[in-house]
Amino acid sequence: MFLTNEQIEYYKNFRHKLHQIPELAYNEKQTAKEVCKELDRLNIDYEYGLGKTGIVAWVKKGNSNKSIALRADLDALPIEEKSGVEYASKTKGVMHACGHDGHTTMLLAAAQYIKEKLEFNGTVYFIFQPAEEGGAGAKAMIEDGLFDKFKIDRIYGLHNRPTEPFGTFLIKEGGVMSAIDIFKIKIKGKSAHSSQPHNAINPILIASHIVLALKNISSQSLNPTSAHVISVAKISGGTTFNIIPQECDIEGSIRVLDKSSQEIIKSKVHEISKGIAKGLGGDVEVDYEHKYPITTNSDISYALKAIKSTVLAQNIITNFNPSMGSEDFSFFLEKVPGCYVWLGSKKEGKKMIPLHSQEYDFEDDLIEIGATYWINLVKEELS
Amino acid sequence: MFLTNEQIEYYKNFRHKLHQIPELAYNEKQTAKEVCKELDRLNIDYEYGLGKTGIVAWVKKGNSNKSIALRADLDALPIEEKSGVEYASKTKGVMHACGHDGHTTMLLAAAQYIKEKLEFNGTVYFIFQPAEEGGAGAKAMIEDGLFDKFKIDRIYGLHNRPTEPFGTFLIKEGGVMSAIDIFKIKIKGKSAHSSQPHNAINPILIASHIVLALKNISSQSLNPTSAHVISVAKISGGTTFNIIPQECDIEGSIRVLDKSSQEIIKSKVHEISKGIAKGLGGDVEVDYEHKYPITTNSDISYALKAIKSTVLAQNIITNFNPSMGSEDFSFFLEKVPGCYVWLGSKKEGKKMIPLHSQEYDFEDDLIEIGATYWINLVKEELS
Amino acid sequence: MFLTNEQIEYYKNFRHKLHQIPELAYNEKQTAKEVCKELDRLNIDYEYGLGKTGIVAWVKKGNSNKSIALRADLDALPIEEKSGVEYASKTKGVMHACGHDGHTTMLLAAAQYIKEKLEFNGTVYFIFQPAEEGGAGAKAMIEDGLFDKFKIDRIYGLHNRPTEPFGTFLIKEGGVMSAIDIFKIKIKGKSAHSSQPHNAINPILIASHIVLALKNISSQSLNPTSAHVISVAKISGGTTFNIIPQECDIEGSIRVLDKSSQEIIKSKVHEISKGIAKGLGGDVEVDYEHKYPITTNSDISYALKAIKSTVLAQNIITNFNPSMGSEDFSFFLEKVPGCYVWLGSKKEGKKMIPLHSQEYDFEDDLIEIGATYWINLVKEELS
Amino acid sequence: MFLTNEQIEYYKNFRHKLHQIPELAYNEKQTAKEVCKELDRLNIDYEYGLGKTGIVAWVKKGNSNKSIALRADLDALPIEEKSGVEYASKTKGVMHACGHDGHTTMLLAAAQYIKEKLEFNGTVYFIFQPAEEGGAGAKAMIEDGLFDKFKIDRIYGLHNRPTEPFGTFLIKEGGVMSAIDIFKIKIKGKSAHSSQPHNAINPILIASHIVLALKNISSQSLNPTSAHVISVAKISGGTTFNIIPQECDIEGSIRVLDKSSQEIIKSKVHEISKGIAKGLGGDVEVDYEHKYPITTNSDISYALKAIKSTVLAQNIITNFNPSMGSEDFSFFLEKVPGCYVWLGSKKEGKKMIPLHSQEYDFEDDLIEIGATYWINLVKEELS
């Protein structure tokens, strides 16, 4: 629609180039260099180095002081590629298994049109962030002053999704990806030889009670329609069969889609573990950390219009279950309003290959659709 | 040894008479009347009516102010007799299924010899107590002034035991029958319709945690060699499938053989149920009652000597597991020193019929052995 | 829109008449008689007596064999009215606390217009069902042949909702009200006196383990985005403090919004309780009953159009959490496609009074809106 | 009584010599050499090397083929001595903190008298065993043919006990020290990312249920008077907060004083963990090992007589709680009858210093009492 066939071809090749040089979180130097070269080629201004390897580029037209930001991610994963494509990773044990090469490419393709052809009034920021995979690169960019240096009114993100049909957008108001909180509970008992159990407070016993009691949070304290996960994933106490240990540690995570549930869970984790440990003669130390916020779409109106200009109505899904995974785009959405959407990539007749698998490759034909969505979004917001 | 054949025959017949008129706890009026008639016949002084239907009789010789008490029990059980004996119960649904008719008889037989033949120096009290079966008749007699009216230095009890060989005594220092404590825990939650679980605090859930946590007392707080039982025997909460109730009650008993364990358990029952309930957002009310004390033999030396004068060494067992049942003789032993012994009743070749069974009947031949023991005991203590 | 002011006034008065004669489930004889009188007045054919006191009326126009059914409910609740209105219940302890008087009235008002004025092609069925409140009146009508006697292609339901603003419709595809399943688990242990715990299998202990283990279903077997409730609401075992009982019963309910979760839960309730009981030396008997199905809106397109013709876009909510309550309208939706919607009744500045409360009264001004929706629905479906 | 003052002085010095050269389990080479030198001095035959560093010596008199064995232990502990005695350990980090230097010495002292002075008829074996401290040296000697090479009818052991008054013997029939069994339960679930809990079977959850359910064994399956310990002392599962692991391991020990309880516990550990794991969708592998048998005194009659010849009646305790610790002497008692006794070492006015503490030193004055007991025992058995 907006891109010429030559441009489409160009950007597919560019994506293949990135695909061969995958880099792990905060080490995306080669990748960033390629992005900067493109921005130079397009005469687009940018700043490199926010969040270590992140890039912010911008195109300003007209005299409006309105602005939006479009975000792509740069990093790859510590996975050994087995996709079989010609342009496979040249770095052993690292691959673009999540399609960030594609996200980066489609944003550059959009940037070219926005810079060269699109009429609009305001500023468009193009964010190429590092470390989306568990590294909280978004947070790092914010801490490096993203929102201080640049006046960004709204921010938008997009991710490909191999489980949905090719060209289908998923968009919804509210929480679309869960927050993740981490807890560590150190249960403190009293050690003794196992022939003297009455001189011990067995922390493993207390831990077992707490593991079971944490289940009560789901059924007693949270609205049943509030999706959430409370998982204990690690437990460790004692060194040998006949010494009741002094301590036992449990560790786990909480995923939640609304803030009020998150607060309830946090306070209940403390209350339950404390109450039970004290009741059983021991004590606890609870570490509780908010790791990633909820990815909350606060305003989807412009994005929805842009999608409607991009694909047919039948390719728009607005009623779907949120994901219990987490996204560092949530840190951006804590600061400014915006919207995060998914773009289906599964072509009919082709096998579905999930993200983070060794066989995965980004679907090249999404580049045009994604770029078109970005361009339409700028039209909607800044015209 | 002390009794003539005629006397033995007389007392067997007397026992059969009592066996036909069994009376339940605190209603042993007919039985007491028969006992009083015998005491009258023997010219032994007595007082009737302590603990409603209890009798205290006494024989004093010499000028010593030393005194001992020997105790028998009067009451029968609400069990339908199927023993098949000629002199079976004439009262439907009530029977002497625990041999108290025998205990009473052997004490009267001893009283006759002690009154008529035995030389000793001091006072012997003969206690015929009501309501041994769950009615705490001993406690009732104490509350009616037993130890105020009568100066009793030591007290002795004896019970037949069908599981041990005929003529075998079991005697041991320390706790021989357990205390019994009762607890009721009312767990207070918050009621709500089951479609609104987050508005409820489910007391059944809390109760389940508490039931399991009470198990910790055994393994965490008590010396493993300290025999005890902590049992939840009743639970009740809720009225229908879709209303989470406000409250759930649990009820149970504790049996224990040493005071320090008893105190630990009592405090732990409170601590655990409170801690867990609070931790899970609810609360508890705990009722905890000492029902029967531990039956603690504080001095067995005279009793052991008396037994040695009564039976052969091979018929004396001093190393046996205490019983987890309770005895109201424990109330006497809380007040004065003494000793409670068992006397085996199972004759070789005869089927063992346990106490409290419909087929049970007291073994007549124990009358002589029991009476002999009582007489020997007076000889040991007061000569 | 469709009704004249006189008609509106007439139906308000009719609603007040019904309000004064509330009748409990399956006893709605007086109420049904009033409905029949109205149908007679309007010359509308009907059949009385399906599901004991239910009524099916019908209006046929044109030659199409297409048909839809519109449903109202007749029954009141065993609640003592304290609404303070002039036309309050004349039957002590019974009141229209759920607005069924209003539902019935608005359907009659719609029927008048549909009969007298509306041009359409097909058959409209008006269902006045008994026993919506826990009596499964819908099921009773089906069992009495509703779908055999009458060819009904689609069915529609509407309920007032005091928690939402006046005149606001809530409509959504899929599960909008939960199924309810009931389980009873009889835990079988072995009874013994509490002094002999080793001769018992304590079913209360097993029950406690099962109560806690049922919590695992939520976190281990169900997708976290699948809203559901698993509640134990009743537990009962034992009769006294010192007899460990033979059995302990637990009872509860399951609410679920998708069939696959329902099947998983059902099989897990069996598996978990069996496994744990056997592991602990006991056994279980599990009764598991599907009581109400999920209320699943299978096609909302016509209803949504009718709503759009009835109220402004801002008064339409399509993104809301489903209710964990149950509706017997679900039985109809198991048989034919259709849609169940809520109509907000809370006027600004007025205190919100929830359904099933003593102060509740149906909002008269909803009669016109509800009737308009029904009429628009017939226009959408049968024109 | 039997030893001269010079001999007593000699053996005290010998004990001090051993005390300075403590050696850990199975490395008692220097110690054994000293023992052999003494046996050579006394012209007593012996064999060295059973169980690596063990010694069996023997004295035969008369023509009876009756025989008894008396056992001492050789090994020291990995504890840094802080006793402050002149003859303290010369080996850093190793000390005789359990008095085995004294046990060895008193047996040699007895051997001298038995060899030189005592008249008896039969064979006396003197066993100096290695590795009593957790190394199961007794078992090693048996496996090296102790009972095959030597015809031993009965065996006797003695251990000093600082918690009891000096010169007091503790002797009792039956189990006096507990068996120890070890269990490892590998709980097998199914791993998944914590955002996908419904695709996991969380083994930590199952482990928690099992830890609590193992408590039921005590209260449901074992006679309350049967002392025992069931302790979980180690738990380990998972590696990080957001991956539900595949497996969780729990490990613990069981201590028990009677064989029937031991068998019940073993079968219940299997049954409970299997039942619960299966019920919750997982599985278990249970490793269960009998590590040390119960130390069961099968015949105490000769030992009791020997004690009565050694000390006053008031220094004999026959009614005491068994120890929940373990002893490898139990392996000997599995093969032949015998008796294990304790000898109190706490002198009035002296501070009690427990075994295995840095300040501990064997009480020299026990040498004569212990030797006297051994000599009296030979007199009782073989005269």
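So that you can tell them apart, the chains are marked A, B, C and D in the order they are listed, and the count of residues begins at 1 in each.
Note that in this section a residue touches a chain if its C-beta (ideal position, glycine included) is under 8 Å from a C-beta of that chain, and two chains touch if they have at least 3 such contacts.
Here the structure is a predicted model, which means the values were calculated and not measured.
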item: Of A-C and A-B, pair with higher C-beta contact tally; value: A-B
item: Most distant chain from subunit B, judged by the mean position of its C-alpha atoms; value: A
item: Distance between the centres, which are taken as Cα means, of subunit C and subunit B, whole angstrom; value: 60
item: Computed distance of Cα centres, subunit B from subunit A, in Å; value: 72
item: Whole-Å gap between the CA centroids of subunit A and subunit C; value: 41
item: Multi-partner residues of subunit A (at least 2 other chains); value: 197, 202, 205, 209, 212, 216, 219, 223-224, 229, 231, 255, 324
item: Residue ranges of subunit D in contact with subunit A within the complex; value: 178, 180, 182, 184, 194-197, 202, 204-205, 207-209, 211-212, 229, 231-245, 248, 250-253, 255, 323-326
item: Contact footprint of subunit D on subunit B as seen in their complex; value: 172-174, 212, 215-216, 218-219, 223-225, 227-231, 255, 318-319, 321-322, 324
item: Residues on subunit A engaged by subunit B in the complex (per definition of touch); value: 197-198, 200-202, 205, 209, 212-213, 216, 219-224, 268, 271-281
